[in-house]
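Two complexes come next, and they have one chain in common, chain A, joined by chain B in the first and chain C in the second.
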Partner chain A sequence: MIIEISHFLSILATGLFFLVGYFGLFIKSHNTKYFSNLVARTYSHGFLFLISSFIIYIWLAITDNFSVEYIASHSNSALPIFYKISSIWSAHEGSMFLWIVFLSLWGFIFNIRVHNDEILKSKSIGVISFVLVGFLIFLLWTSNPFNTILPIAPLNGADINPVLQDPALAIHPPTLYLGYVGFVIPFACAISFLLHGNSEIKWELLVRKWSVAAWIFLTAGITLGSWWAYYELGWGGYWFWDPVENVALMPWLAATAFLHSLSVSIKSSQLRIWTILLSILVFSLSLFGAFIVRSGIIDSVHSFANDPDRGLYLLAFIGLIIFISISLFILRLSNIQSVSKIQKFSKQSFISINNILFGTLIFSVMLGVTYPLIYEFIFGQKISVGAPFYNAIFIPIVILACIFLFFSIESKWSRNINIRLNIPILLSILFSTIFTVFVMIFFQTKNIAILCSIFAGALIIFRYIQEILNYISVKKFVNPFSVIAHMALGLLIISIAFNSLLSSERAMNVVFNEAEKYKDLTIVLKNLGVENNSNYDSVKATFFVKDLKGNSFNLYPEKRRYFTRGQITTETAIHTTVLRDIYMTIGEQLDDGSWVVNIQINYLIRWIWISAMLMGFAGLLLIVSKRYKT
Partner chain B sequence: MKFIFKLAVFIIPVSFIFLFYILLTNNNNYPGADYNVSEIPFFELKNLEDIETVTPDNLKGDFILNVWASWCITCLIEHPYLMNLNNNGIKVIGLNYKDNKEDAISWLNKYGNPYKKIIHDYNGTLALDLGVTGAPETFLVSDGEIIVHYQGEVNKLIWEDVFLPIIKERKMF
Partner chain C sequence: MNPIRKKRVYNILTVLLFSVSGIALILFSLNSKLDYFFTPTELMNKTFPIDKRIKLGGMVLNGSVKRASSNISFIVTDYTNRINVEYEGILPDLFKEDSGVVVLGYLNNQTVYAEEVLAKHDENYMPPNIEVINDN
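Entry: the complex of A and B
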């Protein structure tokens, strides 16, 4: 009964959002004040219905209402409340529901924060509403989470997949979704701007903080996902070029380029065409990500159960959105020409180069995702495009981008100043060279890709350190957000380079109480016990590990067998220090009684995530800063 | 110039959408399944540990023959389900396809071994005779006869729709 109320509220919300879309986009009236109020209020009511529907749904999950088919197949009464709630987004229908609720939430916050007099508001809310209607119809028609098992409901649920019973996973999808759907705000405002067709309107200024906010969620979501795969899935690394990682990376790259382009358009009304195209691109790529995981077109840890109908619907929906926005863009192209030419060696010129480089990266990732599909379609053979392809493209382009960034620090807005080899530039080059040569000799490596990356990363960091020193001594102006985000980029590149230079792994056989040596570590298997828990059995090993300096600690890798699904999971044991992780998993027992263990030493892997989070932090500072009012 | 720009902006996304439409609609239900019964071709290959020689005579009874390799990402995705099959008493034989011995062994050590026996087909000769096009592929074999040949990842859905009806019909395992 309660589920029907929830279902009905969703349907009502769909109807209301349709009305908002219609009012917002198609009604022309002289009484604009009346209409903008009407649009804003109707939207708020639609949101109220939808959020109530979702809250009821959460309540049903908490109270173990297994007459709801979705809850019965993804939750279980033995689960802690936290996982009962997160089980809602552990599969297709519920996660789609969450996605839509977040989409409407962004719209709602936009609706209450932006004043009704704002010329772009009503149309933007209208665009958001139509996007919502499209997704709600998709939800209710092809993947209804409100289906019931009646009259006889099962006594207990089928349980959530054990690899999803993890705090990082419970917050990783919502964070990522908030990032994806957040880009509906710049998209809607861009469309609204195109509909008005008046190039005097500064839509870019309106969306700056919204775009940064969405970008922060996307950054954090990707980082959390990378961390989760590392310690829970036992992948033992930070990035695998898995198709679904790629479809999250593409909107991130597009969004990063968009933010840079946006800053130019706000400052000097240049690159406006780029900015509009990028805002459409970011949102389309976010939707494309949803299409890839939900259509079953690829195999991945992230893909949901296959259903071609869902894929077709989503593809048609994305196609429609792209078709309308691009047609509109082409129609209005002559209205939105940039005001003046870009000066050579100005900040604008560097950012347009940045746009081109990011565009290349996005296109390459797109190619990496689609090429195996095309190849399979034509030749009937499965191939995978892996790390070598992406490394070959990313390393040179990122290094090139770093070098442009390095020289752009000197440049000024809208002015052509000759970039001379002045002292800060020479000092940075000198320090970076010394650092790189030191790495080359100390670690005895001749790997050009790694050395160039270290050099490029160091270049940025040393250059910005001098900027900071200048700020402290002579109060030279610096943009704090840019400094933090770009230094984080330098740190990220250096961490990745050192990680691939120094990390190593080995599988070895261990026997009880016999010391095994690996690199500087001595490893002894001390104990192995079987533990019985409420929903799984586990084999838990105790390893005593000691390094050359005499530091010692215990590691407890585990293998678990979950009762309800019979699934076996590997629980990694990780010992973290500032510079490295010691990462251990146990495998099988061999016939001679010895155990196979896999040990990895991962250098600076934490710093990769720390740098990514630092970038997000720079965005957060921008949002709360008083320097930018909107 | 402007016209070309407009055209490009329009054509690129449209062609991507069209491409995905073709890929999606082409994906009919189980294109990978082949139910033609045939005999296992003769072969003589070493096992992965390089200790014993495996021929069709060593492989009696009902089993699943799974073609995999450590370089194959889809095999890793398929892997937990094979572990599950093995735990439920389904005999799974592995055919290690065009793979280094060391890589294959460390892969198994890292993720677990679902196979009762592993045939090491470094040159892909047996795979060629079996009509394997890539990894993963899975065969259902009963007394020397191949009953089902499935190309692609085996998961719960595929197992229940492609394999289980035949296993029940023939009262295998």
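Entry: the complex of A and C
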């Protein structure tokens, strides 16, 4: 009964959202005040129904209601409550449900935060509602999480994949989804701006904080995913250029370009066409990500079960959204020409260059993701595109972007000032050169890509340090958000460069109580124990590790076998210091009694995530700051 | 042509030139950096430059896994032909005899020297292009 109530509430919400969409977009009335109130209230009711449905669904999961097919196949009564809840988004139907609830949540917050007098509000809510209807029909029709196993429900559930029983993974998908669907706000406002067709309306100002908020979630979601893959999967990297990582990276790149472009459009009503196109692009890429993950069209560790129906529906839906947005955009193109030309060497000019560079990156990633499909279709040969391709594209473009960023710090809004080689610029170049040469000699490397990256990252950091010093000494104005985010970018590039320069790994055989040497470490296998836990058995090794400076610590890598699925997982052991991680996984026992272990020394890997979080922090500061009211 | 139109044509041509050459560059670098995916049969009697990375997909032959310290060798089969694989390192958790595997490495003398060995996170995963009738 309670399942049906939950199911019915979602259907009811679908109907209400359809009405909101219809009222918001198609009814022309003289009594606009009445209608905007009606749209706002009906939307809130629709949201109330949907969120109640979801809360009941969570309740069903907590109380182990295995007559729900989805819960029966992805949860288990032995799981802690936390994982019972997170099992909802461990597979397709439930995660789609969560995705939709988040989408409606953004709409709801927008609905209550933005005043009904706002000219774009009703239409924006209408657009959001139609997107919601599209997704809800998709959910209820092709992937219904409310399907039941009746009359006899199974006694226990099939359990959630043990790799997914992890706090970071319980938080990572929701964070990422909040980021993806958050871009429905700028998208909806851009569309309703186009529908109005009056170029006087400042839709850009309305969406600034919303876009930054969504961008923060996207940044945090990607970072969490990277961190989780690092310690859970046992491969030890932070980025694998897996198709699913790429489809999360594309909206992030588009969103970053969008935020930059947005700032220009707000400041001086320029680059408006870029901004609108980017807002459509970000949202389309988010939907494209959903399509890639859901359709199983591309082989990936993330892909859910393959179902052509779902893929086809999503593709058609995304196609429709893109078609309508672009047609509308072309219709209104003549209305939204920018007011004035962009001055050479102004901030605006640098941001247009940034747009082009980011566009190139997005295009390349898109090509890398789709090329295997195209290639197989044409030549009948299976291929895959890996890290070498992405490195070849990203390294030069990011370095180029850093150099433009470096010179843009000097530039002014709407003014052409000659960029001279003044003292801050020369000092930064000098310091960065010294630093790079030092790295080259000290680490004996001639790798151009790494040295150039280190130089580019250092340029930015040294340049901004001088800006900060200028601010402290002579109160020269700095934009704190830009300073933090861009310094984080510099730090990110330097960390990645050092990580690939210094990190190393080795597989070795170890015998009990015999010291093995690797780099500056001495490793001894001290103990090996079998542990029995409530839902798994494990073999847990104790390694004693000592470095040359005399620091010593223990590492406990594990191998687990989970009962319900018989799945074996590797638990890594990581020792973290400021500059490096000692990362250890244990393999199998050989016939002579020795064990295979893999040891990695990963330099600055924590700093990669710290810099990404710093970027997010800059966004957070912007949201709470009083400088920007909307 | 009047000057304004002329200027516009030049602008469009410049943009076109840049985007076409940019796309050409990207495609060029893409083509030189692809990993080709093969089954053992497709790999028979083929030679590649020693530095050309390939992907081999198939099933691990029953009883073929041999270990000598941390070196591992096994045979990948598509039930028609067989290819030897040499690898140094830890095999993934889901690596099993008689189940699917993807090997990334370099081919030399009909042996693939593996850089990476992947087994899918899905226990029912089958490498593409292989149809297995029985799974005893």
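Throughout what follows, the second predicted complex is superposed on the first by the 630 of 630 C-alpha atoms of A that agree within 3 Å, B and C clash if a C-alpha of one lies under 4 Å from a C-alpha of the other, contacts with A are read in each partner's own complex, and residues count from 1 in each chain.
As a convention for this text, contacts are C-beta pairs under 8 Å (C-beta built on N, C-alpha and C of every residue); 3 or more make two chains touch, one makes a residue touch a chain.
What you are looking at is a predicted structure, and each value in this text was computed from that prediction instead of being measured.
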Clash or fit (per the criteria above) of chain B with chain C on chain A: clash
Partner chain in contact with A:P167 - chain B first, chain C second, else both or neither: neither
First, second, both or neither for A:I393, with chain B first and chain C second: second
Partner chain in contact with A:G15 - chain B first, chain C second, else both or neither: neither
Chain B versus chain C as contact partner of A:G311, first or second or both or neither: first
Partner chain(s) touched by A:L277 [first = chain B, second = chain C, both, neither]: first
Which of chain B and chain C A:P154 touches, first, second, both or neither: neither
First (chain B), second (chain C), both or neither touched by A:G529: neither
Touching partner for A:G197 - first (chain B), second (chain C), both, neither: neither
Chain B versus chain C as contact partner of A:I326, first or second or both or neither: first
Those residues of chain A which chain B touches in one complex and chain C touches in the other: 299, 301, 381-384, 386, 507, 567-568, 570, 585, 587-588, 596, 598
Chain B-facing residues of chain A, complex: 242, 277, 284, 291, 295-297, 299-301, 305-306, 308, 311-312, 315, 318-319, 322-323, 326-327, 329-330, 333, 366, 370, 373-374, 377, 380-384, 386, 507, 566-568, 570, 585, 587-588, 596, 598
Residue numbers on chain C that touch chain A, as the complex places them: 22-23, 26-27, 29-30, 33-38, 55, 67, 69-70, 88-91, 93-94, 120-121, 123, 128-129
Residue ranges of chain A touching chain C (in the complex, touch as defined): 161, 163, 234, 299, 301, 360, 363-364, 367-368, 371, 375, 381-386, 388-389, 392-393, 507-509, 559, 565, 567-570, 585-588, 590-591, 594, 596-598
Chain A-facing residues of chain B, complex: 2, 6, 9-10, 13-14, 16-17, 19-27, 71-74, 77, 80, 83-84, 87-88, 105-106, 108-113, 133-135, 152-153, 157
